[in-house]
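Scrolling down, you'll hit the structures one after another.
You will see two complexes here that share chain A, one where it goes with chain B and one where it goes with chain C.
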Partner chain A sequence: MEENNGNAGAIAKAPPKKHNRFAQYFINLGARIKGWFVDMYGAIKDFFYGFTKAGRAEKKARKAEGPQLSRRERLRRGLKTQSGWLFVLPALALMAVFTFYPIIASFVNSFKQGYSGMTGKFNGWGADNFVRVLKGDTGTGGASFTQCLVNTMLLTFISVPLSTLLALLISVALNSIKRIQKAYQTILFLPYLTNALAMGAVFATFFKIIGTSNNTETVGLVNIVLGWFGIKPIDWVGLTSPHWQLGSLSIPWAKYIVTIIYEVWSGLPFKILILFSAMQSINKQYYDAAKVDGASRWTTLWKITAPMIMPQISYLLVTGIMGGMKQYSAIIGLFGTTMGQDYDMGTMVGYLYNYIELGQTGYAYAGSLLLFIIIMIITFFNNKITKKRTTYR
Partner chain B sequence: MRISIQHLTKIFPSRTRGGKAVHAVEDMNIEIPSGGLVGLLGPSGCGKSTTLFMLSGLESPSSGRILFDDQDVTTLAAEKRGVGLVFQNYALYPHMTVQQNIRFPLDNMRIKKEEGNARALDAARLVQIEDLMARKPNELSGGQQQRVAIARALVKMPNVLLLDEPLSNLDARLRLQTREEIKRIQRTTGITTVFVTHDQEEAMSICDTMVVMKLGVVQQVGAPQDIYDDPNNLFVANFLGTPPINIFKGKIAGGKVYIGEEAIADAPWETPFDDQEVFVGIRPEGFIYSENGALTLNVDHIEVMGRDKSVVSTHESSTKPIVRSIIDSDILLPAMSQLKFNIKPNKLFLFSAATEERVQYPVNVFKGRIEGGKVYIGEEAVAETALEDREVYVGIGPDGLMYNENGAFTLQVSGVAEEEGKKVVAAAHENSEKPGVQCFLDGSAELPAETETLKFNIKSNKLSLYDAETKERLSNGRE
Partner chain C sequence: MTNLLLSSTAADWVVALMVILVIAGIIAIIFLTVKLCRMVRERRSPAAKVGAWDLSAGSSGFDAKKMQRADKAKHITKNVLVYLFLTVCAVLAFLPFYWMIISSFKTEFEFRQSVPTFFPHEFQWKNYWMIFHQTVAGSGSAATFQQILLNTIVVGLLSTLLGLVIIVITAYAFARMEFKGKNILFALMIATMMIPGELFTISNYITVAKGGMNDSYVVLILPFLVSVYYIYLLRNNFMQIPNSLYQAAKVDGLSDLGYLIKVMIPLTAPTLISITLLRFIGTWNSYIWPRLVNTEPWQMITNWVTGGFVDTKQVTSPWGANWTMYNNFFGGQALDSLKMAAVCMVSLPLLILFIFCRRYIMRGVSKSGTKG
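Moving on, here comes the complex of A and B:
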């Protein structure tokens, strides 16, 4: 013991500190992300090395070592190896115009202060756009970035898992019925064929507190039903809709409920389609085996069916979350182009449109870049989590 | 656990309207003793798997009963029967490790984790996969997967172990090994085991009782060797044995068996007297080469297989393209286009051309003699004949006796039973060659009760005579 106290610290290296699994995961993750950046830096460095003086000299030397070829032969070989580019050229040209240029332009333009989309004039370079977007100090009375971000996150992370779970349960039910299965399938798929704006408008009517029809005041369908249970009409989608206030942040919970119901309902058909067909392809013998092994229906669902269709479930979660990050049309359909009262139901994409409309393109650029980063981070974790559960094949 | 299958029937209704319903299993009756290893054998679609699934409870029978010991389990749910089932393609859950797979039935029984793990390990040890517990099924070979499936079936200590084509997904070498393994596991655990296979070799090598099925109907039940040596019908004879039995078109005429124009053997004692068209089945090992052999085959080629050689030949009466005969490799065969063979009597089977049933008759055989134009059994003169005096065997068909108070022939009666409108008399006679004498009487025949002896007259067309020394059939002048 004494020895340990006296010398251990001095001679032996202190054993690496043991973190709990969670912390360890993030430490490893950090190291790996650092690794990517190092690799990327190396690749970029190598690429540009070819353009430096030393790089050019090295290239020349390498060429001199190789067999000397005639100009004609070099051309022939060059055509042979590089002709592949010709084939991808049309697609490449289109992508350059509609994909690469916008990405680069929005990246560049987001750093232009006071950029005007119409004239292309700007005051100078800097991160001013980002600062103002994040601070909410845009001075135009447009949507608040924080509000939009919180809305998008909350709506997505509630509605996507909820609709996936519901789709799973409905698919199981659909899978277990034998008669008129096809009819049910068709009915369940119908909402998929309906336009989002139209659905939103119909939903808005359902949830209205007071509307006018033939100059008479009417109450929305949902409030009529609630009335049967003695619940006073709630203004679900209108100007007096109830909300909680957290500092400058508004949580319009009634509108959230409407939006989530809408999202779940409109998201179900596709999810059911995917999950149901996945279930149909599961070998019946697994269910027979589970039956002989004494598994209950509940156990069979969670221990057999769900893991077997995990690839499809994770696909739906990933695409659903990505789609949720980009949601816009549903909000417009439900709450109009003002996205609720003072943009309190604004989403990230709504934010971008809003500032384009206001002519403040610089903020829209900055917002889109932030949205891009956020989606990247979420997708990264999405892949991490779902990959872990789908690698049994 | 004893399994008793009584009148088990499974009918699958037709999928199309007005179509024919499929009788997958028809009126099956089998008793499986506790600790037995039973193989259900038959070609595809013979209802063997359906039977297995009915035993497991995954399919419910259309009619009939299944008893485990004395408990009627016909309508009992699968999970309550306590059966372990190994599927043809194992049905291991791909997302679970080996250990989780094996423990799955225990988890469903809400057994504590430590106990569950211990029992899973025991089961894994039994099938020797305890090193693979952390793997996923797709990281295992076919044989290993199969062991996991068996361990999963055994871990809940089932009363009955059911295996559906357990070896069909394994390669040839592994199959041999796994065969032994299944036998060993069954012997160690003593669990009543039923398995399904379409491979007769597999069935013969593993099981103690074999059930041969065809189109839902049980053809024969018995020990594998007994069924091989004594098939009930053409199907069973054909189905068992590699290489398969040779089948010829032939006939019984005048107490001889003919293939084409050649009389290849005497009709066995067990055959009835009526001349008829038959299928003649000869096992490949039933040929003896002889220069003066009875059956001539056109040799195509000879395959040498080390231990023995296989003569591949043709015959115009054969129902198969080739006739295969297996000869000991020590026997030298002349290089000729035609070879003659004698047939071993116990490798020769006769099947009725009409019904394909085995032509076999429980003929009663007695020692007797001919004296002065009369046939004597013991001291009783039972029939008349034109033959000369000599010692003979007297064959009497079971339906050849008529009860008569003043009959010529006396039997010691041990019992009378009613069966399908017939009276079956079990009796004995001191001159009988067989331990018992059996005869069928018309159901309306009135027999005196409580007697020890009965007298009979003999129908002349059901009586046949054989020379006592040569056992050759004698014409008794009835033709």
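Moving on, here comes the complex of A and C:
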């Protein structure tokens, strides 16, 4: 940049060097992480300054200035100023055992080969756990990591945009009516506080075929409705559920549909709440101005409403994807504790618990670290997208 | 009995559809009547018409009127479509709850009919008696519903109250007190929020198992007492309270603890109520951790609901000794009508809580984006 400044005349000030978007993003990210460490370093330095020579000298000088106190009085005052520690002590002690220690332990133990949590025995260090987890070569008959990853990703990236879009439509509709708005609102918010396991079981009954499928026993509500259109009953959640096989990967599409329907149903109320309240808080003057200019309802929606609630939409996408990556309870509610047949509906979190229950702690640790890394990557990309889109406010 | 029910259910679908159509129809009719009344009124009073349609009032009379009418018609069709869409969505949102409640009162025979009924022909209250007196399926342990409910309530209350105390005092220390290393500690705590909670579970499980703490309430309560997010939320709330209040309280001779209890807690009560409710709901819904660390008699209500409910023999019952609901007709099969009764027992308290405390819960959730 210096040589550009030296360039005479034509360009008064050269623009700073433009990196490409991704590079720029990682540079900014690095700066932010560095900032955090600098702050931490400052705080730590301040903390230890009192123990250094200069710090002690300064303290002595300060003490000489002030009133002379007895040692007991000084101790009493010192304790009084530090009494904050007493307040945070319970939280700190609990976090040391249940939060800080596990973080260190997961990083250390995931590199122990053949680690068993109960006995603490392991045979040598190395990245063996990660390799085996990624290859699916755990030799225990547990869930397969690739299968779980693909399931989680597909389910999340289909159901979250779908439910956000539906929530947008519903809140636009809610916003445009005046009568019995409250009644609709209340009913639509009902699925808000539900237990994923309980409601998952209810959804499973909608799809379940009991006994044989020759209509002597129930084939489930959904199959009956499909039957009106001449579609034969599909085994949505059972053992003979249809699926596509891609190498070792199986895509149980029928179970996917069931899960996505459940996810959309349970995700809608929160999204409607956020979007609807955002729409209510848009200044009415914009709409009046649009009306004067003769804009149609459709134009108003896309040119005024959508941009104004963009921050909320991106917030919903971020939280939705975060939640989707950690889904587990709904799967158990719908498909039982084995997560479908041979774990074909396993999720990332389900993978961890599967290996904890199998006693293969090393694989569970490796899986949890991989989940952590994936979530981090998604968080960073989300941050980037959010930053770009939320310039309206 | 079964045959009789089977033959009479064909009409049930028609009835259900008709009910939905009638409700939709009533809504549409009310709406249209109101609209029409207003239209007529507007036509009668020219002043109102000019007021409402001042944009087109200046143009030539007859055409404008025609255009207005066309506009109105378009407007009404649009509104009807909007109401129809919302009604369909509302019906679909409510359907699982309705299905859950009616299924819990059906007999298993009725539940399994090839043409489902939309209202139980015979109310089977015995479903509830059965699930209350059944031990958790698949284990020989004596974990009845009473035991499980007791576990959930004791753990829920203790964990909520103790957690609240810890959250409040920690948030207070971070918001108002000065001590060495405060900023380091706070930065460290906030940094842990980025890490998914599943990472902790494995180590915690080993810690608990090694410490021999399995099968106790302690193990359900202790690991989740500290919640960094709520500390952060409450600290920000505390920091919004002006400092002058603190100085005034100091002048009046109030201690730090006294200031916290007498001034800060009343001022931040809405947030505290939200936190309390969300924590209790979180405990009520906890599933993974109890299943991992405890055996059935020490587990929580959601663990109970995932068990299969079967037609077991009851040694004592109001209907005689060695009573079974269906005379072992279904063998060891899991019965969905019983399961729906269990699902009702888990879901309805949450729904009731939601109806009564909607404002606080929504506030908390819209801030944190999580349920508990």
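Everything that follows uses one rule, which is that the second predicted complex is superposed on the first by the 295 of 393 C-alpha atoms of A that agree within 3 Å, B and C clash if a C-alpha of one lies under 4 Å from a C-alpha of the other, contacts with A are read in each partner's own complex, and residues count from 1 in each chain.
Note that a residue touches a chain if its C-beta (ideal position, glycine included) is under 8 Å from a C-beta of that chain, and two chains touch if they have at least 3 such contacts.
Everything quoted here is computed from the prediction, not taken from an experiment.
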{"item": "First, second, both or neither for A:Lys384, with chain B first and chain C second", "value": "neither"}
{"item": "Contacts of A:Met310 with chain B and chain C, given as first, second, both or neither", "value": "first"}
{"item": "Superposed model, chain A: greater residue contact from chain B or chain C", "value": "C"}
{"item": "Which of chain B and chain C A:Lys63 touches, first, second, both or neither", "value": "neither"}
{"item": "Which superposed partner A:Tyr286 touches (first chain B, second chain C, both, neither)", "value": "first"}
{"item": "Which of chain B and chain C A:Leu268 touches, first, second, both or neither", "value": "second"}
{"item": "Contact residues common to both interfaces of chain A (with chain B and with chain C)", "value": "none"}
{"item": "Of all residues in chain A, those that touch chain C in their complex", "value": "36, 39-40, 43-44, 47, 50, 81-85, 87-88, 90-92, 94-95, 97-103, 105-106, 109, 117-118, 169-170, 173-174, 176-177, 179-180, 184, 187-199, 201-203, 205-206, 208, 210-211, 215-219, 221, 224, 265, 268-270, 273-274, 277, 297, 315, 319, 323, 326, 328-329, 332-333, 336-337, 349, 352-353, 356-357, 361, 364-365, 368-369, 371-372, 375-376, 379"}
{"item": "Footprint of chain A on chain B - complex, ascending", "value": "53, 56-58, 78-79, 83-85, 87, 89, 91, 93-96, 104-105, 107-109, 136, 138, 152, 156"}
{"item": "Residue numbers on chain C that touch chain A, as the complex places them", "value": "27, 31, 34, 78-79, 82-83, 85-86, 89-90, 92-94, 96-97, 99-100, 103, 111-116, 166-167, 169-170, 172-174, 177-185, 187-189, 191-192, 194-196, 198-207, 209-210, 222-223, 225-226, 228, 231, 256, 281, 284-285, 287-288, 292, 302, 305-306, 336, 339-340, 343, 346-347, 350-351, 353-354, 358, 361-362, 365-366, 369-371"}
{"item": "Of chain A, residues touching chain B in the complex", "value": "283, 285-286, 288-296, 299, 303-304, 307-308, 310, 392-393"}
